[in-house]
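Below, each structure is written out as structure tokens.
Each of the next two complexes has chain A plus one other chain: chain B in the first, chain C in the second.
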Partner chain A sequence: MNFNIEIPASKNELIELLSEYKNKKYRIGAGCTDLIMELRKKPEDDLTVINISQINDEDFNNIKLSNNKIVIGANTNVVKICTNNEVVTNFPTLKEAAQNLASNQIRQVATIGGNICTASPSGDLICALMALKANLEIIDFAGNKRSVSILEFYKGVRITDLKKSEFLSSIEIDLNKVNPKNMYSGFIKIGTRKSMECSVVSLAYHIQLNENYKVISAGLAFGASAPTVIFAYDACDFLINKNITELKNNEIDEFANHILKYASPIDDLRATAWYRKQVLFNISKSILEEFSKTN
Partner chain B sequence: MQKTEVSKKIKISFELNNRKINMDVKPSSLLLDILRDELGMKGTKPGCNEGECGACTVLINGNAINSCLYLAVNANGKEITTIEGLVKNDGTLDHVQKAIIDNGAVQCGFCTSGMIMSIKSIENYYLSQNNNVKNKKKPNKEEIKKWLEGNLCRCTGYIKIIDAAEKVLINEE
Partner chain C sequence: MLKKRKLNIIGTPVPKHDGKIRVSGQAVYGHDINLTGMLYGAILRTEHPSAIIEKIDISEALKLEGVECIITADDIDVNNISYKRDHPILKKGEVNCIRDEIAAVAATSKEVAQNAIKLIRVEYKIRKGIYDPIEALEESSPQINKFISGKYKNKNTAEVFKYSHGNIEEEKKKSIVNVSRRFTLPRVTHACMGTSNITAHFDKLSGKLVLYSSTQVPFLYQRDMAHALKMNPSDIRIIQPVIGGGFGSKLDMYPFEPICALLSIKTGKPVQIIYSRQEEFIASPTRQPMIIDIACGADKDGNFTYRDIKIIKDNGAYTSWGATTPFVIMQAFSSLYQVKACKFEATAVYTNNVFAGSFRGYGNPQATFALERIIDLLADKLKISKAEIRLKNANYKNEITGQGLHYETCGHIECLEKVISESNFYNKKNTENGRFRKGIGLASMLHVGGGAKIYRSDGCGTTLKIDPYGYCTIITGSNEIGQGSETVLAMIASEELGIELSKIKVINTDTDIKPWDVGVHASRTSFVAGNSLLGAINILKDKLNNKAKQLLNTENSDFIYQNGMIAIENANEALALDKVVREMHFSEPSELAIASYFYEPLSQFQNKEFKGNVSGTYAFASQAIEVKVDTYTGNIEITNVHTAQDVGKVLNPLLLDGQIHGGILQGIGYAISEEMIYEEGKLLNPNFHNYKLLTASDVPNIHFYPIETNDKQGPYGAKGVGEAPLIPTAAAIANAVCDALDIEVLELPLTPERVLKAINFKK
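This part shows the complex of A and B:
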């Protein structure tokens, strides 16, 4: 593994570098926990790593509340995400996904922007951020900003909408319409062990209810069962305006089928396609069944 | 902004076990490699080289990280502690090291330094949380296991390691 390195100290320096490297080969590295592994397995010639981990910028490295939104800087490490009060209170699905990502050692270093841009089909934070319908703020080499929904960000296995000379600057999530007690939110990760696991299947859900348990907003996304993490639009639509405590068994099955129909898993060393589909169906049902049991 | 080419080395300075280090590193050098091969800290073990096993765990500003997945250039300006840094100047061992020995939590020993650094990071976390707090928080056994999820041991079955961690983190005042 051999590469050049550039170490910008600010976002402006990063923008200057992106302009300078417009026609050159580079990779952006934040925590570099995935990048080092990738370059060790597949070394690239004449590569420059733009190492953004030393950028000293309060907004880029932290989480803040602003105008009914939570804004997470792309360079925020995973530990900060699972311990931030706003995230813990408002977005349990994101907190649980962050808490179960890799190991403590990796969570200290790995960043949310890295998880999003690595675009793994099993990306844990991606899955939760899709359920939360997060928006991504992107900046290009000229300093122009654009915003894209995470639901439209993924184009294929490890392919994103991020163009050359752009970088992910922050992630914005709208605060809930309801107070936290009317929210049903979580993250299920199935793997052969609890820790350090690349999911066999994962499912993120973030459902908001009115006082009468009627669903007023739903976000459901699953990982590791298609070329990208997938948002299950029809399953969300199916739940809207339904009373979540009064669902019949056939409705719960129908809901799970609305998730399953988006799945196109492969056989690999972790699990067969058949098994992934079966598990996805079962955990999809389980979130509604669990709700009835616990409420 | 620091610019460098493959052939060129990059200047970094950091504190290693309370000693100031100034050195030049290759842009692609990993912290694990400079610690072992250039600074002689052989207590930090190369295991899987993939961030799975935790044998290479060291502390950066008190937090545990995998030195096999950490660019050496990012050590610049930080405080790094390896297993060698836990021993006091008069040669006495740190209480985490003592607890590991007292509980017989070592067999082949390869994972031990990483395990100890991880336990040390839990202690550091609770120390920072309990600063000026009356009712001191302590982790429970399940929380200790969760903290140690990134450290594998293929000999002991973990029970004695967790016993040692409990002794330091829960039972000691």
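This part shows the complex of A and C:
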């Protein structure tokens, strides 16, 4: 595993480098917790790693509140995400996904941008950000900005909409329409270990209710059961305008089936497709069952 | 004035002697050794688990700059290794498992060595391998290992162990319930944090070989290495760097070690081989996988009547210590709980899988799993409590078992009673019907606690000296592999000689210096090395007492050693220990404050029927484990582990707790998560990503209750503790899961998927 390293100190230097490397092989690395593993497995010749971890940029490395949005710099590490007050209060699904990612050591260096751009079908932060319908701000080598919904960002197994010479700059999430006590939000991660685990199945949910428990907005996404993380549109639509406390068993099953129908898991060492489907169905049900129990 | 106190140091939580250097990164592991002019070795392993080697072409690799030496089987004059001598160091003509070594390179850097390995061209003729031991026993199967003599009728049988006591047919007649099952146990690995490593330095001028090796058994290793290399054992010096985990994995010598020595002998330069993590998974030994057929019975009062056991062990392509685990397995079946008759047969069968070595528990976790599962099934059939049936049949003090094990002390009943009451076992009935189901399971274990007489000697030597400044040096035959033996030995010396711990040094890493010891295994070190040290202390104290008598002009020799002083109790006059030592050295007749002692446990060899009192003492433990199973996902949450262990006497509660916690987590891994997954002899998960070794965040609530039975054989009454904590864990968890879900568990590990399948099957 041999590669050259470039270490930009600012976003502008990164943009310059991207311009310089337009026709050369490069990879962007921040925490490098996935990248090094990948390069060890599949070394590439003449590769340059652009290490963005030293970029000194307040916006790129932190979480900010602006205009009814939370803006998370792509270079923000996972620890900051699970301890940030705005995230903890407004987006429990993201906080829980971050809190259960890998291990404490890895969370110190792994970044949200890295998790998004690695595009793993089991990416935990991706899953939560989909449930939150986040938008991604992308910058190219000329400094041009564009915005894309995370729901449109994934094109296939580990393939994203990010073009060569572009980088992910920040993630924006709209603040909730309702106050936090009317929100039902969380993240379910299924695996064998409590840490250092790659999800076998994951499910993120972010549901906003009115005072009478009627669903006014829903985001549901699952991971590790399809070529990409998947947003379950029909399951969201199914919930809209329903009273979440009055669902009957057959409706709960129908809801779970609206999620399951998007799944196309494979057999691998960690689990069979059979297991993934069973569990995805069961945990989908559990969201609504648990709500009834606790409210 | 000195006053006798019972114990000052023993029983107190002294932190590990080597703790500071380990946590501060200053410990020198084998991986940190860097000798002048050292070369780096790498090994080419086969691509196919079963194949004819048609051609090996090293010409391209030899051209690579920095390559100093390449060896294949044709370049070396060596003997086969393993206790059966059925394992060639480098393979010639054929390969028989995926870890087989074909060639080795020594080069000026790791990268060059690795690149050279890639340039060696091997032409194979691939054969159909045999990966199922039952298939290997079929007449039509070809012979896999060609180096064994025809001791057994079947050509793929490596080893057979048979044992029996009592009249099994009579006991069957007395039984009103009978249960039989087949249990299948997986292949798991030690996963030491420090990967396998060795540095060899052959000096051409003297013809002597120095090996920096992580072996657990330096003196046996010296002998095995000498046999392999056709050298004189005394020309080989073994130095042990700090060892990053043993757990039994370093109890045997494996090919990479003589290979490294050979590369050094050929080049005349030091050579180092360090495994990558992937290599560690592929090419270090494993726990022995087994298929256990067991039939048991009980009479109308719930007394165990008989056990009839047949085991098939997948031996892999060569033999290592895994094949001999029946020594321990048969003890569990013959002597854990009282049983009137027992018939046991275990067969190790060659296959094209990798071979198994020894692993903490040495077959006992497998045996205990089968036995304790079937005890639950017997209780169910008898409709009596799972606690009652165990208490009724538990082992007791002064029992001599059918196999001849003599329990001079025995905490089995106390262990059971303790975990039953502390876990509130009788009131933990599973009544829930929702998503989460709770259950509780019980299991016990019996293990040697005072060494195991399997070699000609199970002893340990000690040389002890006190210098003229009052510092003490313990030169012990025993080894430190992280278990804390240095600390315990220093505590014993401190206790007996009244020397503070910071003035005690333990020398234990060099075969040229230290006296003989059989090695770290069988939970024996504190017991055997502790007794050996106590023997040396007694001799040295006689010498010191004599000098003190002379200096104090007294006939009384009942001295107390405390705080660096020697004195008669309540006397006004006390002598500084260092002064007594100086007087010994420097006044006529001059004498050193030095003593040597060799301790051999009172245990016996077993006879040909495997009967005899094989250990100095025996350890017992019981666990009651509570689980909460998620029927939606199959995940098992271990909510509480209650463990009581007959440790004889607590020497150091801190280190003991470490053994308990580590052992239990290893046992939980065996129960619910760890499994080496093979397809046609190839390991599919040689990494921590897919080999689910548990982490610190998976440690459950562990409630530990040490039971002190004060065995007169042990130092201060102590017994071996190292292996016991993990032995009953998988059995107790499986029993708890069955209690929670009312399912059958016939194999491990209980992965979420297996559990969910069992739940669905039941529906």
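Throughout what follows, the second predicted complex is superposed on the first by the 295 of 295 C-alpha atoms of A that agree within 3 Å, B and C clash if a C-alpha of one lies under 4 Å from a C-alpha of the other, contacts with A are read in each partner's own complex, and residues count from 1 in each chain.
The criterion applied here is as follows: a residue touches a chain if its C-beta (ideal position, glycine included) is under 8 Å from a C-beta of that chain, and two chains touch if they have at least 3 such contacts.
Since we're looking at a predicted model, the values are computed, not measured.
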| item | value |
| --- | --- |
| Fit or clash - chain C, chain B, common chain A | clash |
| Which superposed partner A:Tyr154 touches (first chain B, second chain C, both, neither) | neither |
| Chain B versus chain C as contact partner of A:Ser103, first or second or both or neither | both |
| Chain B versus chain C as contact partner of A:Phe238, first or second or both or neither | neither |
| Which superposed partner A:Phe3 touches (first chain B, second chain C, both, neither) | first |
| Touched partner set for A:Met196, first chain B, second chain C, both or neither | both |
| Dominant toucher of chain A (residue count), chain B or chain C | B |
| Of the stretches 9-17, 27-35 or 153-161 belonging to chain B, the one that collides with chain C | 153-161 |
| Overlapping contact positions on chain A, where the chain C interface meets the chain B interface | 103, 194-196 |
| Chain C contact footprint on chain A (complex, rising order) | 103, 190, 192-196, 198, 200, 269-272, 275, 278-279, 282-283, 285-286, 289 |
| Residues of chain A touching chain B in the complex | 1-9, 13, 16-17, 29, 32-33, 36-37, 39-40, 49, 51, 53-54, 79, 102-106, 108-109, 194-196 |
| Chain C to chain A touching residues, read off their complex | 435, 632-635, 672-673, 677, 684-685, 688-690, 692, 694-698, 751-753, 756, 760 |
| List of chain B residues in touch with chain A within their complex | 1-6, 10, 26-28, 30, 49-52, 54, 57, 60, 63-66, 69-71, 73-74, 76, 118, 121, 146-147, 149-151 |
